[in-house]
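You will see chain A twice below: alongside chain B first, and alongside chain C after that.
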Partner chain A sequence: MSLLRVYSLSKKFRTYGAMLPICLVLLVFVIIPLIVIFTRAIIIDGSLDFSLLIKTVTDANNIKTITNTLLLGVAVVICSTLLAMPLAFLTVRTQIANKKWLDIILMIPFMTPPYIASMGWILFTQRRGLFQQMLPATGEISEKFFSFWGIVLIMSLHLFPFILAIMKNALLNIGASLEESASVFGGKFFYRLRRVTLPLIGGNYALGALLVFIRAISEYGTPATLGKRIGFSVFVTEIHHNATISPINFGAAASLSSILILICMMVWFVQNHVTAKSTYTLVGGKGTRPLYVKLKGSKTIAAWIYIVVLLVIAVGIPYFAVAITSLIRLRGFGMMSGNYTTDHYINLFVDNPRASQAFRNSIFLAFFAATISAMLGTAVATIIHHTKSRSRKIFHVLGLMPDMLPNIVLVIGIMIFWNSIFHLVPLYNSIWIMVLAFVTLFLPITVQYVVSSYSQIGESLIWAGKVFGGQPAYIFRRITLPLLLRGIFVGWMMTFIISFRELVAASIISPPNTLVVSTFIMREFEQGSVSAGMAMAVVSVVFTTGSLVFINWFLLRGIDGMKS
Partner chain B sequence: MKITLRNVQKTFGSTVVIEQADEIKFESGKVTTLLGPSGCGKTTLLRMISGLETPDSGEVWFDDECVFSANRHINLSPDQRGLGFVFQDFALWPHMNVYENVAFGLRARKQTTNLKQRIANALHAVRLEGFEERYPHQLSGGQQQRVAFARAIVIEPKCILFDEPLSALDAILRNEMRTELKILVNQLEITAVFVTHDQVEAMSMSDTIMVMNKGKIEQEDSPERIYHNPASSFVAHFVGRSNWIGNDKMFRPESLALTHIEGAAEYRMLVQSVQFLGNVYELCLESDEKRWFALSAQRPSEKEICVYVKDANILNFSVQ
Partner chain C sequence: MCNKKSLPAILVFTLLLTGLTACIGQESVPTTPPVADPPATVAPTPAPTPPAPNQTPEDPDPAEANRFEGLTGVVYVYMPSPPALAEKLAEGFTDLTGVEVRTFIGTTGEILARLEAEAANPIADVVVLASWSDGLSLRAGGQLLSHTPNGAELLHPGLVDSQNTLFGMSASAVGVVYNTLMIPDLSSTHSTTWEQLADDDFRDELAFPCPERSGSASDFLSGFIFDKGESEGWATWETMAEYGMIVPGANAAALESVITGARSILVAGVDWNAYAAINRGEPINFFYPAEGTVVNPRPAMILQTSNNLENAKAFLDYMLTDEAQQMIADVHLIPGRSDVLSTTRPNFNEMTVLNTDWYWMMEHSTEISQRFNALMGTN
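And now, the complex of A and B:
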């Protein structure tokens, strides 16, 4: 055999040697749970049997659930679009764009776990809630919030920053020249909007709308709290019910999950089609100078009123309700001087062993989930970056798959799969199954950050490393890794924060008597001390925000200090 | 170091990027420039010398060491070839300061004896003492260019490859750095291979120019001969101004006289435009399908003038 052949074979072996274990991990983590769901839904007692699936779909109750879910998804997309559109315009095309702090504040609703926001709203609007205490004269009007539109509003307030971010990027990419030329050639504002701006951002909007839709139909926190109060059930709550409350029915959970997966896939397909048809290359060198409209007088005031009202509703009310409740001594007395105390906070860590245990569990889970998925995600991103064509695409899809599907679906798959092989690998019912679930669910975060870091490393930096004598390992250690560090770190941090207060996976697969922060809050809210639950909510929000700020200031500064 | 490419060919998919040529030679201690329009294969050729690109066939020799041979399955990787390389975008590592950028080539090869002194010497050569601690984004374009050059010379390579090293700089800086690079390369008496599409750069910096077109070397010569004796109509078109008689005959604007010369052909032409270039006027003349340029010490007073060109100054590219 010739030398070159040996060389290329060993190179191939090296490549596949690295790819194979990662491939296996993705297979076990992502693919098998999905397969398990489908087989569980259509294979009964060892033979192919669609009767269960058909029974599930045609069941009157489930038809109601399906329509509820789809209606909710559509309503949330429309509502969050209405909230985001004016804001996108104001924060890109007017002098309000200069207010950078607004970008950060507008991220708060998105960073707030929806179950906490939902609890805040319930506490605010319920009978003898905070609103009625403050304005007794309004009677029972605030209780109108306990409705379908209340759910839609809470979810839209959580999800509109998604559409906002996508629209802002799209608008920023439309250089001033495109709009200026439209106006030079006689286009009035709305004509320009209709003929130039909207068509150019259509593809991006489709993507944003899709993400919001999928997130809305996958969301558990709001339907589980506010939805439960009004008997509004959706897919996720039904699946959750079948998987956790006896008589436990894995078959029905799997059938419902399969249908949910099919819906998501259909939506993905449609969105792909739309985006492919209406996405344009808008990179025009220096042409991306933004176009400003200077708002004057009453228009400025109207814009600010809109922003302030939105912020009050999205951030102010839920946080106010959660914080006040956590400080109230006896809820029967309500907001009254002398009825405030910080005892709930102190008790949380002094004589409530379950609370401090939950807090420690969450830190443990978040740390390991973030660390493992940072390593695994970096490996996957590295493979995506270095392989070509087909295998690249496969890895890309595998790496991002968990993000395209409702979390609950994967969790159910993981649960059924690891339960069935318990005698081989006794992972089920231990805290490590939660780590595994979190790693699977949040792997796409690191993959996305690291893939985008890779794309920012100019090829010539690597070529220069080769020419100046670096062996591949040396180049990776001295050049590639330091340049990826920021992406890996941001991925780690996001995974840490999201794992820290994740609810749906935790409530389905946590081992008996193992509480985490989110399940602790849920439990106290439903049947314990609401104030203690809200105190925990405040602590966990402060803790995650605090670590975010800390890491941003101290660690990322350190990394950034080394480069531009 | 003499670099020789024998029978080298390269294709990307179905497009031939480098057409097979018997021998392409870069002389030791000389500055050779690969000049051609974008897409002519000049950068590919450079990258094949450095080992960043693998030829489909043929051999690459550094003096009498074979660094690549398709038949004998020799292919030294870039890090084994010991060349200096100055990249088009400089390719300075953004997370390393000037000192670490320059040190990379020595550290990677574990040649760390006298590291500090060697780096100080290289930075002295490019007049960047005192910039060791700066990061690339804290430097101007010209300074980044000099760091890239220091990084290339510190490893004392036998040859430095330059891939359009001046194209990322603005016009004024480009002029300045051109002179500076020329002086530095001359001082080091090093073999240098330059890639550029800018003919002024090629003319002013090179001992030898290879004009490339569609993966082939059309002419290899001194800058003067490339200008005065272009070997093909492509070279005549690509390098300098050219006046054409039909499709095959050509002469340079300097050969066009505005006063009568004995034995020269006479043409009556319309003055289309006059451009003042500072030291001279450039006239654009037209008649029939001809569009010529002429140089003149003063602005012509007439709309229509007679011009003269000697037969001896006309080159004929028609296939004999």
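And now, the complex of A and C:
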């Protein structure tokens, strides 16, 4: 009896012994920066004071900023939905579904950092830019791009793959039987669309729209480049301005951040409501048979024209502009024979110590951020998988929270917090504060991948291990971990790539003497040689794509080989 | 995805916690800039050692070699563009002393912001700004150490402030940059006054560097307003705003817009940047309007909070050596020392200047820059 109690106590102790440190880490990484922001916004000189917050909200400039941000978010959701909807239909319900390579190509816009795409568009459309040099007869029409809709287009082209992926999954789960039964009862195409398909994907769409909305209002790269040219300011650029341009005002940055968090909260409530109301069980024990429409003749051509035009706009134009600019010798003469050179690439690694240093810094940061968040994320996912009830939920939420909040908000919180405890923990102003920020921001990536890997491991495998006398540690090492490895590696890889080119955190908290690839590109674009910046952009895109392909081919094969 | 449901709950919890901390009181985040101390607490100035005349880098005087000996560690230097100059100075200083130089290169606005952000735990030892008035306001905030570096008496008169805290190691001025492919010869028609450029012919052709980022642009702007007076001064910018003047970014971005022809005229473009682009062969030209410009000394300063004081003092000494002054001339800046002359651009005494008052400009430049950007519709 007492032996049993000791056993259960030690088990309990083991569980909490593992949970407590992880819980503390999440508290320090995620919750405290948020508290610091709210504190900073409403506590002035040691007493509760809402005047700064109220002043911030009612300031005419900030009202403009708030409307700009919300308008942008809504417009991007609509525009990326319009871009994604035909594609989702084409790549699920027609013969185009067989073209698997299309799935990969359609991910390119999402993998392109928006600041690089935005710079490409600026170089392409500005006065006497690449477009006007190629087609002088068009006059000033390309300059129309320098507008609200230009920003919306760039951001939608970046974010539509999100909605596409979610809609595709939803459509795949709607079996032919549902539509066919509607059709048997005489439903015409649009009636079926309206009464069957759309309501069924509504819940998923609400989630996709929410993610796109939050990403759109959190995005820094496009408003900081194109937005700045036309005086279009949003929350993120305003916060960034308050935190980085003299006279700096952390109070205002914190107030704006608090408002941004509140907006995100409201959007979650709405989305939760919509999703809860329109969720249907579609995946049952019975397999579903996909519904195919065979496109014929002119319709096939129209479909392909749509896909090609979309790819040219989303991938072709920005990359063309970036690549050509990186090869131009004198910007004043533009595209002209004899005005091309590869010097900018050579200079990048021969003459320019800052460039090669930036590259090394980014690799260092990306490697450590990815490795630490792979470990931490796996730990969090393991806790989520093994614990029941309330604490599980809390971990899940904490693990995913950074993904649901604008990056800049957490970064400002991290900055203010670590700056204030510098005397205790001198992390601020070292490169490790950047590692910490990236781990915090990108932890959800690993958590998501590992949680989904866990859900694919059948209980029977664990039972089999137990039957053959395996201790829990042994079972974890020999059964669970090998099965998780794929998820962990994919998470690692994504974190590596995203950290490698992250911009907003790097531009706010990088210590002196520390440029990374993104800040180097931004700095050269704004304050140095645009061509050198674009050369670095090409190099970094080639590098990240290369490492993606490399890891996919070699490492993941190795892992899969280990399993069998 | 039932878990998303608890997200708001957690945030509400966070808000509650915030409220709790609020009740407990104490603001825990002291990142506000320090309260302005009266700048009276000035350390006694050490008597400058007499300079050895006619030093040359090839033949270093033993005394000169000595003052860079026995130093170790690091020095943090915050400097504005050009990056190449900051790198060369850092390299030269490290070669001479063995001290590692950690630089932060940014616009004047970014450097000032960085100093404010670091107020709780200062990092920088030496700060160089592209704006004399911003330097004066650091002094007014009690942030600067008074120390006269060796060789400071060789600086042009007016490049040392009254309290021996600011040393104009170099200087720049602003002028008009124009794209010669678009306007072949602006200098023969519009080079008398700045106001001439507020011309209906140049609708949607004008650009101006962001004064909140560029120190030279902000000093020019406040100097111009001081010289012309409030109403006449602002009238010029209001007309230009009406003609669609844009603010594409800090100096380089503004120059870039004229080089590529996105705009054809840059008002208040910084000169060294323009000379460098002309040297590269870009299709632009440059002039100073005849009525005068603002020559903007770029002060080097030691912070009171420096953690590497000896290295910081040595760095200022180094900036006054022949070697460093030549590096400054090489990037088309005006060397601060009166005995080092640039061969590629007008020197300090060859410039026509507007009537300026640095103290007035110090007081008003932030507000003027913000008003200007609001006028141009930039943030």
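Note that in this section the second predicted complex is superposed on the first by the 556 of 564 C-alpha atoms of A that agree within 3 Å, B and C clash if a C-alpha of one lies under 4 Å from a C-alpha of the other, contacts with A are read in each partner's own complex, and residues count from 1 in each chain.
The rule we apply is simple: a contact is a pair of C-beta atoms (placed from the backbone, for glycine too) under 8 Å apart; a residue touches a chain by one contact, two chains touch by 3 or more.
Since we're looking at a predicted model, the values are computed, not measured.
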Item checked: chain B versus chain C as contact partner of A:His241, first or second or both or neither -> second
Check: With the two structures laid over each other on chain A, which partner does A:Arg229 touch: chain B (first), chain C (second), both, or neither?
Finding: second
Margin query: Once chain A of both complexes is superposed, is A:Gly202 in touch with chain B (first), chain C (second), both, or neither?
Written below: neither
Notebook entry, point to check: Looking at the overlay, what does A:Gly316 touch: chain B (first), chain C (second), both, or neither?
Noted result: neither
Notebook entry, point to check: Counting residues of chain A in contact, which comes out ahead: chain B or chain C?
Noted result: C
Margin query: Let me test your reading of the model: by the given contact rule, A:Pro86 touches which partner, first (chain B), second (chain C), both or neither?
Written below: neither
Notebook entry, point to check: Of the two partner chains, chain B (first) and chain C (second), which one does A:Gln527 touch, if any: first, second, both, or neither?
Noted result: second
Margin query: Applying the document's definition of touch, where does A:Ile479 land relative to chain B and chain C: first, second, both, or neither?
Written below: first
Note to self: Can you give me the overlap between the chain B contact set and the chain C contact set on chain A?
What the structure shows: none
Margin query: Going by the contact rule set out above, which residues of chain C touch chain A in the complex?
Written below: 1, 3-8, 10-11, 14-15, 17-18, 21-23, 25-32, 76, 78, 81, 83, 87, 102-104, 107-114, 116-118, 120-121, 123-124, 134, 179, 181, 212-213, 246, 248-253, 256, 259-263, 280-284, 366, 376-379
Notebook entry, point to check: For chain A, which residues count as touching chain C in their complex?
Noted result: 31, 34-36, 38-40, 42-48, 126-129, 207, 228-229, 231, 233, 237-238, 241, 243-248, 250, 261, 265, 268-269, 271-272, 275, 330-334, 353-354, 393-394, 396-398, 400-401, 404, 415-417, 419-420, 422-423, 426, 428-429, 511-513, 525-528, 530
Check: For the complex, which residues does chain A have touching chain B?
Finding: 2-4, 7, 458, 460-461, 463-471, 474, 478-479, 482-483, 562-564
Margin query: Residue numbers of chain B touching chain A in their complex, please.
Written below: 50-52, 73, 75, 77-79, 81-85, 87-89, 91, 93-96, 104-105, 108-109, 135-137, 151, 155
